[in-house]
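To keep things simple, chains are lettered A, B, C and D as they appear, and every chain counts its residues starting from 1.
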């Protein structure tokens, strides 16, 4: 399941959707708005998404994860709009029988989400300036 | 923070303790009681712990994780007593600025917890038989 | 035999819708627009729009979607196509 | 000079507390016990208990803790020491 939402993501409510008696492991990832990026103090973020293509691409990523790893459940929710420090921008969770595949699949999904989804992030800094940041040509250090 | 508890683990309440404005990534792991192990249908589990040594060893593991990876928060709670299918046996969560180190630290902690903590697990199967299982000499397949 | 262009191969105006996101939206100042143009490919369309609006991105930095599918920059555009130029992404 | 044992090096009875967990607890049938014995090391103590109670585990499969610290199997035990034999673990 993939969803774009413009209201606050509640990871605890979402995690309940992962109930599966065959699951021995649930790994989840929360991407939160940090108070800093690349050495600059961040005030808030704005996410824009190309909804139709983002949904299509995200479902393709979840399908690939299910094909690569023996997972029982794989879900992702991405926030759009204005986000304050500490808010959850993206949530990914995977349930599987054993833990190794849950870690691997969760990491595969979030890496793919960050690099492939048509979603853009504008950072506004404490000094009032702002910038559209991107991951594609940058290092992990800049793309948490 | 490490805690042993004989009451149900609530991951959502625990995740709130990870609030940290510098955190861009939170990775959490839930080890749940599966309805099967090694091909046998499981009815319930009983965990026993050597509390003093378990607490000492767990704090050492969390300290090692902080030394190896640049993490902001690293916590673990382990359940003891009788657990039914679907209940959470162990919860680990790590917050860090970037995601790679959160995944690595979380996986390091749960691997270490499973191999080093003086905690024992008795599986009772659907046919009424039971067995003390262990990870030390077995493969990942048997140690979810 | 001389290969004269047939009427339906001649350059003609298409009605194209362009939707802008992120830095392109900021630089264009609008979310979307419908354009009558004779350009035939997304590459040519972006070239024309870049010239008019001074976009800072180059096609090499982007992908393009036509009617909600990732497309080749050299695909032939048809009347009523919806084109989205995708700046480098930054989800998560 | 003949190296005769001094009185305080002679074998004498210690009072030791043993706590059992997991399969050892099941096989012993009790959680813990206090023993008066002249054995001097955890290894010798386990050998004696294994003989008495038919434990299925071997020392090679286990670690031992003395007074809540992991200890060497050959450490000298002292009066009032608390000994825990650790079956193979299975947390998580």
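Everything that follows uses one rule, which is that contacts are C-beta pairs under 8 Å (C-beta built on N, C-alpha and C of every residue); 3 or more make two chains touch, one makes a residue touch a chain.
Keep in mind that what you see is a predicted model, and the values were worked out from it rather than measured.
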For chain A, which other chain has the most distant CA centre? D
When centres are defined as mean Cα positions, the distance from chain A to chain D in whole Å is 52
Can you work out the whole-Å distance between the CA centroids of chain B and chain D? 29
Touching at least two other chains at once: which residues of chain A meet that condition? 31, 110, 143-144
Scan chain D for residues touching two or more other chains and write them down. none
Go through the chains and record each pair that touches. A-B, A-C, B-D
Under the definition above, what is the set of chain B residues touching chain D in their complex? 31, 47-50, 52-54, 56, 78, 89-90, 110, 113-122, 132-137, 143-144
List of chain B residues in touch with chain A within their complex: 11-13, 15, 19, 21-36, 85-86, 97-100, 102-103, 106-107, 110, 140-141, 143-144
The residues of chain D that touch chain B in their complex are 19, 21-23, 25-26, 61, 65, 68-70, 84, 86-92
